[in-house]
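Per-chain numbering from 1; labels A, B, C and D assigned in written order.
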Amino acid sequence: MGMTLAQKVLAQTSGKPTVLPGEIVDAYPDLVMSHLASWRSIRQLEQVGVDRLYDLNRIAVVLDHRSPARTPEDAGHHQLIREFVKRHGIPVYYDVHEGIAHLVLMERGHVLPGMLILGTDSHSTIYGALGAFGTGVGFTEVTSVWLTGCVWMKVPESVRVVITGRFPPAVFGKDLMLALIGQLTANGCTYKSVEFTGDLVANLSISERMTFCNLAMELGAKCAFVPADAVTEAYLAGRAKRPYELLRPDPDAPYARQVTVDASALTPMVSCPHQVDNAKPITAVQGTRIHQAFLGSCANAKYEDLEVAAGILKGRRVHPDVRLIVTPGSREIYLQAMRSGALQTLVEAGAMLTNPGCGACAGDGGSLGDGEVCLSTANRNFLGRMGSRTSQIYLSSPATLAASAIKGVIADPREFLA
Amino acid sequence: MSALRVRGRCWKVGDNIPTDAIVATANLFKPYEEMARHVLASVHPEFVLGVKPGDVLVAGRHFACSSGRAVAPKALRATGIGVVVAESFARTFYRNAHEIGLPILECPGITEQVREGDELDVDVEAGLVRNLTLGQTIQAVPPPPFLRGMLKAGGLHAYLELHGGEFVS
Amino acid sequence: MEPRVKGRVILFGDNINTDVIIHARHLRTIDPAELAEHAFEVLGDEYPQKLRQFDILVAGENFGCGSAREQAASCLVGAGLKAVVASSFARTFFRNAINTGLPIVECPPVRGAVQEGEEVEIDFARGTVTTPKGTFTFPGLPPSVMEILAVGGLVPYLKRKFATAGAPPPRAG
Amino acid sequence: MAPGDVVVAEVDTVIFHDLSLYLTGRTFEQEVKGQRILHPERVVIVFDHFFAPATEEGARILQANREFARRHGLPHLFDSGTGNCHYTAIQHGFIRPGAVVVGSDSHTPVHGGLGAFATGIGNNSIAALTLPYGTAWFRVPPTIKLLLQGSLARGVTARDVAQYLVGRLGEDWAGYKAIEYAGDLLPRLDVEERLLFPLMCIDMDAKAGYIEPDEAVAAYIRQRTAQSFELVRNDPDAVYESVQTFDVEEVEPQVACPPTVGHVKPVTAVAGEPIQYAEVGGTPGGRLGDLRRLARVLDGRRVHPDVRLQVVPVTREVFRQALDEGIIAVLHDAGANIFPASSGSNQSTNMGALTAGQAMISTHTRNFPGRNGSPEARIFLASTYTVAASALKGRIADPREFLE
């Protein structure tokens, strides 16, 4: 029997010809990403008392969650990390000005099809947008992999999501994922690998593929993939740090489940407080008053996302009772949006533009007061995540966000993008 | 003894103490009692531990410079001190202290003539500081009549209430 | 890790996420005891204290979903919890629990069989959870994972490993 | 009226930032009870410290401020991201020659550079007197005239001269006094550069700083407001306590070193001091001129890898203009990080905290221990050029080598 992508990557990285779902393997990840949590991994390393790292070239450190330092503690943690990186000569290191770790590592060609990548961030599933197996781990596990190079992994079963049709106007990858999470629930793919396929996916931009694989985490997935193809190759041209192969699943690979989604039947979606799977069509929540709109996070602060929002906001003004915070995902995105004029448009419309990074999504700026409501393009709306425990977070696409920022209430973007 | 006559133990700090050291930004939005627990902690950690109501804070030149921060005199008052005597005050603090009714007295030469722990008797109206431990009297600059009136009333707001929103000379 | 644990149960529902277990603002430390002072705080200021009065946390589906933050597991250790029983776990929480030495049991019937404050007993060797409404079995964890849990987590495990082996293993082919 | 008299003056503009409004609002509602705000339209509120609050406390403060403004019908609230409070007030036409401007930010005297009488007064003063009665009390200060003569040497800006004066004259030199700046240097500077003098008069403890407004100021104001104003000229027989002349030709780039603003040295005396953070922002930095100067030094170069360079435009308009001029691209390419228009790292309310042993060089105004995080961190203050050069070198550096 053939193998799914998850099986192939784990077989390859554990030195086996084949692996089966359920089997536990000792795999050697190609890359271990740690963000601000790195300081904790460094402290654990001191606990273990060993300082010789397995392979410096498989380590990536990116400071994104609290950038720049907000407190002396943050500043101290950053300093500890910088010193560690320097002392060991870790070559893949990006400081606080670069942006969200996931996006930076993909843009700079560190993420390639077929790689096994661990990250101290649950949304490491996003690496599947380039055909890599990305999954989140805790900081102690990072310490362990720094030292041993190795991690135990249970080979996951796979779920195939076949997407057909085309998006109607004002419907995007985010809407599809919110609908899918609503349908399958937050527990729908726990411990599983999700493979996206179908006509729509074949032509989908890497940006939208990132949104797919990122949000798959909110299904509980261990990893998610859009199998690498010509679109992947085009993205990696000029970026890839080394040669790679286009790893694809075997035609007879075993899937625990197949789900088919007809994109043409979708409408703009909003996830309501306090769970991502509490997803509803825009028509069910439109008119809900918002105080803050956050265009940011690894889910939807990519260049295309900024362009979509700017397209709607062009020549219009953010509602006076709304704060629109725009946090581009990375420096590359920031610069691209600057050169295209999208940033100018957003600033003219009244947005507050912050430095690239995780920003408000990770509680770093844009905190909410009691009873305040935020519409966000991020991937989580859990109770209290962005501030007060009486605040509320709704999630949507950048288009819905832009329309809502103009109206001051959750609004249907189709009015602007018919 | 009126509020403008204070007798207590002397606590000393140096020149150019910024308002940041009186109330750090991190404590700016705390209740005054909470602020009072950290007053001057970075320059004189024993002060908040030992200060008693009616004690006298003696400072060098340019006391309470840096940010305007009108909570600084309020936090000082919340520690219980009765008066601040300094070689000189930063302008905004000078204003702010009078406006909230915290007695302060400008007294050039004071730091040379008192030691930490000395017993002081301060007469703000008369502009006199008596060092009871050393048996010396030091002449200070009494506040001008306008500010004395404000101090006696208990601050600007109390003054305006007393005089129906008018300034009387 | 003790072969058997027994104690009073604190009950939670489905999809308890890591933002609820320990908010990002408290991730300034990795000390389990300090973290425990803020566990479940978002549900109410009384929660960190309340948690300490119980021994075993029982929850429904998808416990620990959300971030990969390891403190979601270690704060429970700091609060003195001896084990977590859930109908299912989010995978990052599952790994983090093992790595911080917090025993976890996946046993769906338990959630419906206990009330908060009741006593249950977990026998890890036999793979059973005994509740007032009966005894339920659960599949054991793989031996490689049990090895980590048995010594109290990944740091002690690594310490031991390097003390005996001396150097990292050879690189994979 | 004569120096020493107490006068009560009608206030034209009251400036609040988020911190001062919160404290003043609390005093107004809890201590000065039952009063209404006499002139809501004269109140300018700018959220510039907690520009994107990282804490719930910050969010609550902004929320309380928004509610205060709504409750009292204050129409001019500029929410997070608009800019630094003083430049936002200027940008939106609230400052005019001859106006009386107060605020509880100590740098309110900056507006004296546009011919206003402007000074910092306490929250209590504003809560008890200015809000309910529309006035403020002042003791008429004696005035000192400082004549600044000559042209600036290469790599030297108004900032350096203003800082040099603080170092030379002392931190309490002008206590309770006003300083009028004059001399042939001023007409050679653009209007925003001149503002550095009254801005930094506070570092000599002056009550106010003033520059007699000229046509350049009038043109600058006209770009920002349609309201009429008069260019108030000094009385020919104005009495000064003293007149002092400084020749600025010899002034070198200056750095204010820890622990106080008066600890000023020529850059050559501190060059080589390692730094981890550099910031161009705050009331004396982050103006369009600063961003241009910064870009001039950084163009085609890279910030030192050990340094985080933070750039904070003073207003949204400045940022927009800098985008158009390609400045932001130059700064980004050099490795700088750009932040929303705000007060940036001032007091590290929203960013810019330092841990023990770290050092920052910035265009901000204060360097007291503990101002930005740990009391064991060190803060150096300098001109945009010096901050730029230092960011490139990773150490405090003389900017003149980059400005051939």
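The rule is short, and it goes like this: a residue touches a chain if its C-beta (ideal position, glycine included) is under 8 Å from a C-beta of that chain, and two chains touch if they have at least 3 such contacts.
Just so it is clear, the model here is predicted, and its values are computed rather than measured.
**Q** Which chains are shared contacts of chain B and chain D?
**A** Touches both chain B and chain D: nothing.
**Q** When the centre of a chain is set as the mean of its C-alpha atoms, what distance in Å lies between chain A and chain B?
**A** 56
**Q** How many angstrom lie between the CA centroids of chain C and chain D, rounded to a whole number?
**A** One centre to the other, that is 53 Å.
**Q** With centres defined as the mean C-alpha position, give me the chain A-chain D separation in Å.
**A** 40
**Q** Need the CA-centroid distance for the pair chain A / chain C, whole Å please.
**A** Inter-chain centre distance comes to 26 Å.
**Q** Where does chain D touch two or more other chains at once, residue-wise?
**A** If we look for residues of chain D contacting two or more partner chains, we find 55-56, 348.
**Q** Give me the residues of chain A that touch two or more other chains.
**A** 71, 73, 363
**Q** For chain C, give me the residues that contact two or more of the other chains.
**A** If we look for residues of chain C contacting two or more partner chains, we find 25.
**Q** Draw the chains as dots and join the ones that touch; what shape do you get: line, ring, star, complete or other?
**A** Topology of touching chains reads as a line.
**Q** What chain-chain pairs meet the touch criterion?
**A** Those chain pairs satisfying the definition are A-C, A-D, B-D.
**Q** Show me the residue ranges of chain D that touch chain A in the complex, using the header's touch definition.
**A** Residues 51-56, 58-60, 62-64, 79-81, 276-277, 306, 308-310, 316, 319-320, 323-324, 328-329, 332-333, 335-340, 348, 350-356, 358, 373-374, 377 of chain D touch chain A in their complex.
**Q** In the complex of these two chains, what residues of chain A are touching chain C?
**A** 13-15, 24, 27-28, 37, 40, 43-44, 47-50, 52, 54-55, 65, 71, 73, 119-122, 124, 135-141, 143-144, 147-150, 152, 154, 186-187, 190-191, 220, 222, 275, 277, 362-363, 380, 382-385, 389
**Q** Quick one: in the complex, what on chain A touches chain D?
**A** Touching chain D from chain A are residues 66-76, 79, 82, 95-97, 323, 325, 331, 334-335, 338-339, 343-344, 347-348, 351-356, 359-360, 363-370, 372, 387-388.
**Q** Please name which positions on chain B make contact with chain D in the complex.
**A** Where chain B meets chain D, its residues are 16, 18, 20-21, 24-25, 28-29, 42, 61-62, 65-68, 70-71, 88-92, 94-96, 99-100, 144, 146, 155-157, 160, 165, 167, 169.
**Q** Within their complex, state which residues of chain D touch chain B.
**A** Residue positions touching the partner: 4, 6, 8, 19-20, 22-23, 27, 31-32, 57, 61, 104-106, 120-125, 127-129, 132-133, 137, 139, 171-172, 175-176, 205-207, 260, 262, 347-349, 366, 368-371, 375.
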